[in-house]
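Please find one structure pasted underneath; my questions will follow.
By letter and in written order, the chains are A, B and C; residue numbering begins at 1 in each of them.
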Amino acid sequence: MTGRLKTFTLGGIHPEENKLSANAPIEVLPLPKQAIIPMGQNLGAPSKPIVNRGDEVKVGQLIAEAGGFISANIHSPVSGKVLKIDNVPDASGYKRTGIVINVEGDEWDESIDRSDDIRENIELDGKEIIERIKEKGLVGMGGATFPTYVKLMPPPGKTADYLLINGVECEPYLTSDHRLMLEKGKEILIGTKILMKALNVEKAIIGIENNKPDAINHMTELAKAYEGIEVQALKVQYPQGGEKQLIKAVLNREVPSGKLPIEVGCVVQNVGTAFAVYEAVQKNKPLIERVVTVTGKAVKKPSNFMVRIGTPVQELIDAAEGLPESTGKVINGGPMMGKALASLEVPVVKGSSGILLMPESESHRKPENSCIRCSKCTYVCPMGLEPFLLSKAAKVGRFDIAEKELVMDCIECGSCQYTCPASIPLLDYLRLGKTMVGAIIRNRKK
Amino acid sequence: MDNIVIIAVSALGGLGLIAAVILYFIANKFKVYEDPRIDEVEEALPSANCGGCGFPGCRAFAEATVKEAKEHKSLEGLNCPVGGNDVMQEVGKILGLEVEQQAPLIAVVRCNGSTANSPAKIQYEGATSCTFAHALYAGEGGCQYGCLGLGDCVDACDFDAIHMNPETALPEVNDKCTACGACVEACPRDIIELRKRGPKERRIFVSCVNKEKGGPAKKNCAVACIGCGKCEKVCNFDAITITSFLAYIDFQKCTLCRKCVEVCPTDAIWEVNFKPRKPKVPKPGAEEVKKVPETKKEIEVAPAEPKPQEDKKEEVPKDNKE
Amino acid sequence: MNMLTVSGSPHIHGDESTKKVMYGVVYAMVPAMLVSVYYFGLDALRVLLLATAAALFFEWLIQKYLIKGPITITDGSALVTGILLAFNVPSNLPSWMIIIGALVAIGMAKMSFGGLGKNIFNPALVARVFLLISFPVQMTSWPKPHAIINGLTDAITGPTPLGIVKEGLDAGKTMSEIKPELPTYMQDLIGQMGGSMGEVSAIALILGGIYMLARKIITWHIPVSMLLTVVVFSGILWGVDPEHYADPVFHLLTGGMLLGAIFMATDMVTSPMTHGGQLVFGFGVGLLTILIRIWGAYPEGVSFAILLMNAIVPLINKGFKPRRFGVKPGVEIKTS
């Protein structure tokens, strides 16, 4: 690497990294006694259960079908008996349909290759790959949980020339992608190759932030054997893991406002997704487990676990030697964009990248002061918006102004609120603005 | 010297005259004919510009009434909830039409998940906006249907008629309510409903909108409707229906017989502004607390009287059942 | 176990706070404070203490009895206003005038708009202009800087360099005739010239400016565009006729130019929100300053220029938006 490291140009912050679990190898978590599988694990329509109460299921068996175009299949992550199909609480406390399975043994579907052999040879063609990815219920593993196969089918008239693999992991604390790159690098690269074949692109770039030099070296070394795959080190800056920011950083292309990355010929996939693609295509294994970081300043043993979907969060915390007495907030995901959990009984879902336990002393917001118009929120906004103006507009109900000032472009990265010296809940009001403006736009279209 | 004065006066005067003539012709040329009744109707309206009628402001409503009167000879579907019957009769008189009497309505908060009935299990921090909190989580007490207590309805009210009670963290409607419906719109959980004010401000309604099964509902809130169906059975007037474990009382059919209130096992059905019953077997404990506001309310109600609308205290927290 | 907290993301917060920002400004003003005490002696200390105490007191009084809201005098904003007010008056100003100045700054310019963050005009400058118009004699009799070590402070007063130039030119003298009466540039830099307490030493002010830039309290845009405009504009005039116009370096170093550029025009509350707007704002202040200095009635124009530009900040904010990601500059933003 010569010269300055690449990064995106507009805004950005650098919160304390706190990657406490960076050196903890991925451990396989024991099976839970009961798995709770919510139907709404992906962005878009929730899935529809196709099993009944009392049914015996095997690991990898399809238990719920996609409920629409933007939706995903769900496979049983455990073997056992379906206890009930009922309302189960999701991360925010809302009760939604879910399947509860009592775990009995660990019996896998025969079609799944459980060996550790690495299968390099890609036998399927592009169409079959997409079909397989769709069938195995893959969604974006970075947290947005957008069904993967949809991204692999560019709309008519649009073609991709670059595949970007997101190994940035710009969220503080989280290390699941980092560990995955160190331990499953080869699989990720084969997964990348598969995605390239499905998209019919020649070039792929894996973007990794410079705070993971071991991963950069490891992946660069491995990538030499794969034609067309390059590793790009990036300067540490949040929110580089945002699709639009990553594309800007790596390729210096700017996705137009309100458009998708395919507009500039790019498709972005997370390293976790690339790994899942490898397993789905080469091993016929559906998305039934993922790496989850359990971390926090007071956690005795910050760890990275390979966890079956549906495992209650409580069991992960137990495995990291228990919930610290001082915990005041449990976050599903990273501290910048994660969701605070209302209870510990909720399960790990496809989009859970980490469980962060915040001590009580750091769980509360600072008291809000008046805005001093310092404009720092404007300087750090990676989308070039004016959060102070948008949040004020949303607060007083002027959604017309919010819409005109592009509130819908907000990626909810939280940089503005992180930076605000007056501790104003800017993002809360930006989200409110997005909700309301979204509704207004939908109404207008009707 | 004199010259200057004369020149100045005549110059300015002449300018004024020319401008007046130009304005006169322009005014004539661009004159738009407007039905004079629009102004009359607008005059009769309360000028609150609240939008409760569904039109943006009183002027727009006046235009709509005049247009409707011209085209259909009726004012069906048009109603000024703020002005109520008096105003609509007045409007009818101006337009020479009969206007049907409408029962006056009032906003009713159908949630009793107070801090005592639905204790907080988690703590919320952030924007004081129900719409935002609704998108973020289910609620401090765990009920995903219940009131979030952040006051979007209070902000929406133009009439100072709805306020948060800091003790219960629930909104309370007072008699200034004009049934404009702004709070109904504002509530992201559809808790507030416009119901008939009822004779002497007496009303009976189910103070719960939880559609969960009995068990889970009761787990989060002591006074949730569990959909047991007892009220449906006891009602002689077909006024109560139960859909997805939730009872609803149709205020058009309800005769205020109060039978359902007695049978409700979770005290989810409220009666307001009724005389206290003769205590049969007083429930231990809670009884005293409930009694106090109830009697107080009664005293206020009884002597005051007439005017079906403007009067009376609305749900001071409590019903009365024993 | 504690009750879990639920809130929207982000769940962490940077360590910046209003208080830190305000005290950062105070630290940045320390060199200039020391210089003023050094040159103007105990009188300067009196003005400083009185102005800050009065500013804090009025803020407390108004918050407690008029607004009846939370009391936020510890956030440092009134402290900054008080010090800036002291910087903007001569060190021999009578005490009661300083107190009136503080009342105008806090009461009229800040709290009547709703308090911190809501005022349109820079409070300290409003107070300065108020005092200048109300008490022109006292506000323009400048004690000569007189280092304490050189002896006792005495009551010698004299005009500011700008005043000397203005008077001289008005009397029909040429610049080369005036020149010997003026302090040298070296004296301007270290502060040996007549003027308000805080504006005399260029070096002390620049030190403060560097500190604020390093702490990211201010950005370079306003000071640089303002000073650049001054240099270019006055440079053109000087180039055309050096006998009737002072040179750009003189304009830069004298009067409240640096104090204004570094501490007053950069006030967060009353300056534009985007870098583009800040450049325009700085340009406007620079231009107006020179216009007033050369053709106006007052020898000094920075405070008027900043206040005038303050008034159009809302307009600048409307016209200058940040560069939006994914929106080509100049392309009309469509709302679908």
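As a working rule, contacts are C-beta pairs under 8 Å (C-beta built on N, C-alpha and C of every residue); 3 or more make two chains touch, one makes a residue touch a chain.
Keep in mind that what you see is a predicted model, and the values were worked out from it rather than measured.
> Can you name the chain that lies farthest from chain A, using the mean of each chain's Cα atoms as its centre?
Of all the other chains, the one whose centre lies farthest from chain A is C.
> With centres defined from CA atoms, tell me which chain sits nearest the overall protein centre.
A
> Give, as an integer number of Å, the spacing between the C-alpha centres of chain C and chain B.
53
> Measure off the straight-line distance from the CA centroid of chain A to the CA centroid of chain C, and report it in whole Å.
Measuring from centre to centre gives 48 Å for this pair.
> When the centre of a chain is set as the mean of its C-alpha atoms, what distance in Å lies between chain A and chain B?
That pair's centroid distance is 44 Å.
> Name the residues of chain C that each touch 2 or more other chains.
Where chain C meets two or more other chains at a single residue, that happens at 3-8.
> Out of chain A, which residues touch more than one other chain, so two or more?
92-93, 340, 342-343, 364-365, 425, 428, 431
> Multi-chain contacts in chain B: which residues touch at least two other chains?
121-122, 125-127, 132, 136-137
> What part of chain B is in contact with chain A in the complex they form?
Touching chain A from chain B are residues 121-122, 125-127, 129, 131-132, 135-139, 142, 144, 212, 216.
> Across the complex, what residues on chain A touch chain C?
Its residues touching chain C are 10, 13, 15-16, 92-93, 172, 244, 248, 254-259, 323, 325-331, 333, 335-343, 356, 358, 360, 362-366, 369-376, 378-379, 381-386, 388-389, 403-406, 409, 412, 414-415, 417-423, 425, 427-428, 431, 441.
> Please output the residues of chain C touching chain B within their complex, sorted ascending.
Contacts found on chain C: 3-8.
> Under the touch definition given earlier, write down the residues of chain A that touch chain B in their complex.
Answer in residue numbers: 87, 89, 92-95, 340, 342-343, 364-365, 395, 425, 428-429, 431-432, 435-436.
> So in the complex, the part of chain B that touches chain C is made up of which residues?
Answer in residue numbers: 120-127, 132, 136-137.
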